[in-house]
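Please find the structures below.
After this come two complexes, each holding chain A, first together with chain B and then together with chain C.
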Partner chain A sequence: MEIEIISFGQIAEFINHQKIEVDGIADTDAFKRYLEDRFPTLKGMKYKLALNKNIVQQNTEIKNQATIAIMPPFSGG
Partner chain B sequence: MSAERYNRQIILKGFGEEAQQKLLRAKVLVIGVGGLGCPALQYLTAAGIGHIGIVDDDTISLSNLHRQILFTTADIGKLKVEVAAKRLQDMNPQIGIIRHPIRLQKNNILDILSRYDYILDGTDNFESRYLINDACALLNKPLIFVAVSGFEGQLAIFNTPDHLTPSTNYRDIFPIPPHKGEIPNCTENGIIGVLPGVLGTMAAAETIKLIAKIGQPLTNKILSYNLLTQEQYTINISHGDDYILPKTVDEFLNMDYQDTSEGPQGYIEIDATELVQLQQLDSTILIDVRERHEVPVLDKQIFTQVPMSEFGAFMGKEFYQKHVVLICQHGIRSVAAAEAMQEKYGDAKKIYSLKGGIIKWRDHFLKS
Partner chain C sequence: MSEKNIKNIFVNGPIAPAFIADSIAKHSSKTAIGGHSIFMGQVRKDEINGKFVSAIAYTAYEELALEKMYQIREEIFEKYPLKCMHIYHSLGTVKAGEICLFVFTSSAHRKPAIAACSEVVDRLKVELPIWGKEIFEDESHQWKENS
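And now, the complex of A and B:
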């Protein structure tokens, strides 16, 4: 299964825009575990996922060729 | 009103006299007269928003001028609100500019926000942003949210229902504030002047669209903007259920906005003299928590490098030294690191943070 990952702000410093080929990631909870496992820095950070441009509020099924965005909060002005 | 002043937008197809009247009747509060607030205020003023309130308790400093374009070198040291109000009033004497030279807090924010129809948040810290979000949600005021970090920005409209979704708020995206130092701010991380210029102008555009009821404002959407690529990415916001939003004034007044990083403050903030004393002890470890690219580069024999981005992993390891001195560029991230250390070790180790950081004690670090 192919997933496109888009990231913003300081998360983009360690997770590049990329397409990954993975199996066994059925939903957004599993994807979160995968991400935090592969990029441990993410564990201590606040971030939100968006699946195909919709904010993820509860565990949601991921289909092939999904796009997942990882967004940290910004406060600067 | 002078129709001639607004002639070019009145004659614009899709805007017109009716939209102009809506702007003139609107009351907009701009919070924060910084990199975002300055351009937003200039365009809202020029466009003919009838009443504009401006909030900021800060004075102008030299390092503001590369991005806060309402101010000149001669304004350094003056109150931002006073200088901005005068300049904006000169730009457009036909509208009302209301000065609020204060810092918004729990006990004054509801009173001030209730006098306005639209709130534009261009502040520079999470404490203010959560305070403003919750106050706007409580008062049901449309909130134009705009923020920057590095070369990127975020823009959204909250507390405004659209035909698809009831109104959302900032906590639907980020339920609780990050800890202090978790997300670098402009002072720590730097900011290119034109970025808040772009985002502040976009925030003014969203405010005007919302008031004039034209186009598709970013209602229940958050737009991410990247200056380096000129790319934008818009995400639809829906309701989350994992946060607490005050539903009454009493609940609001009982919220804790002051310090987003709980945990006992058992660590000690020190100056360079105390640093030198601690440095003599064998049981002291000096930790530089800046990222590896940051300058000045310190002697790695003396200062152990543990960037904040790797701090979590470091916290999993054990080390023998009893005195732990944390340093960074300005003494902000080192406080976050000290809090984390304090929480883990309690009385088992003595934790110190160099107040003011390397920049404040530059002479000390350059000679050593």
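And now, the complex of A and C:
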């Protein structure tokens, strides 16, 4: 299936906007494992995901053509 | 679900003092208002490891931020008897000394305006997906963290 990845803030410095074609990523927990494996820098960082513009609070199923945002801690204001 | 009136809060670059003055002036026709509360965030020239912050460059996940701001706005209007509320946040580069956030609440009497203004500022710092990159005078940078 296809997942679009977008990233922000400090994380955008090492994860580019990209589409990936992957199988076996059924939910957001699995996606985090995939990400941290591919981008080890992420392991030591605090971040949140947003799946199709909803902030992920608990493990959530990922469907084909999902857009997932990777977001470091917010620092507006 | 009823149609949502999602308002834009983002301004490119700094928020001009004249814009703020104009925003205040526009309320003279709203004669049920008896108190305004205004918060302005200004970029601070912090010293970090001997280097001074010269500007902050803001980016946001705009669609998610506006959706979240809509929810906050609804909750604040539910909680406080406000006449109106205006929120503006900069995107892009804002130099030290310039305004990057403007929150303006109005009510018949002062207390709801003051409480709502304070609560909105607290909530938007925690809940809106906005990031500030602190740029130093030598052009190096670090990512801001809200304390």
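Heads up, the rule we're going with is that the second predicted complex is superposed on the first by the 73 of 77 C-alpha atoms of A that agree within 3 Å, B and C clash if a C-alpha of one lies under 4 Å from a C-alpha of the other, contacts with A are read in each partner's own complex, and residues count from 1 in each chain.
Keep in mind that, in the parts below, contacts are C-beta pairs under 8 Å (C-beta built on N, C-alpha and C of every residue); 3 or more make two chains touch, one makes a residue touch a chain.
Source: prediction; values computed, not measured.
Counted by residues of chain A touched, the larger count belongs to B, out of chain B and chain C.
When the two structures are aligned on the shared chain, A:Q57 is found in touch with chain B, with no touch to chain C. Residue contacts after overlaying the shared chain place A:P40 against chain B, while chain C stays out of touching range.
Touch criterion met: A:A69 reaches chain B and chain C at once.
Once the two complexes are laid over each other on the shared chain, residue contacts for A:F14 go to chain B alone; chain C is not touched. Across the two superposed structures, the residue set of chain A contacted by chain B and also by chain C is 6, 8-10, 50, 53, 55, 69, 71-77.
Residue ranges of chain C in contact with chain A, taken from their complex: 41, 58-61, 63-65, 67, 89, 100-101, 121, 124-133, 143-146.
On chain B, the positions that touch chain A within their shared complex are 32, 34-37, 122-126, 129, 146-150, 152-154, 172-174, 176-178, 182-186, 189, 191, 196, 222, 224, 226, 233-241, 309-313.
Against chain B, in their complex, chain A makes its touches with residues 6, 8-10, 13-14, 40-41, 43-46, 48, 50, 53-55, 57, 69, 71-77. For chain A in complex with chain C, the residues that touch the partner chain are 6, 8-10, 12, 50, 53, 55, 69, 71-77.
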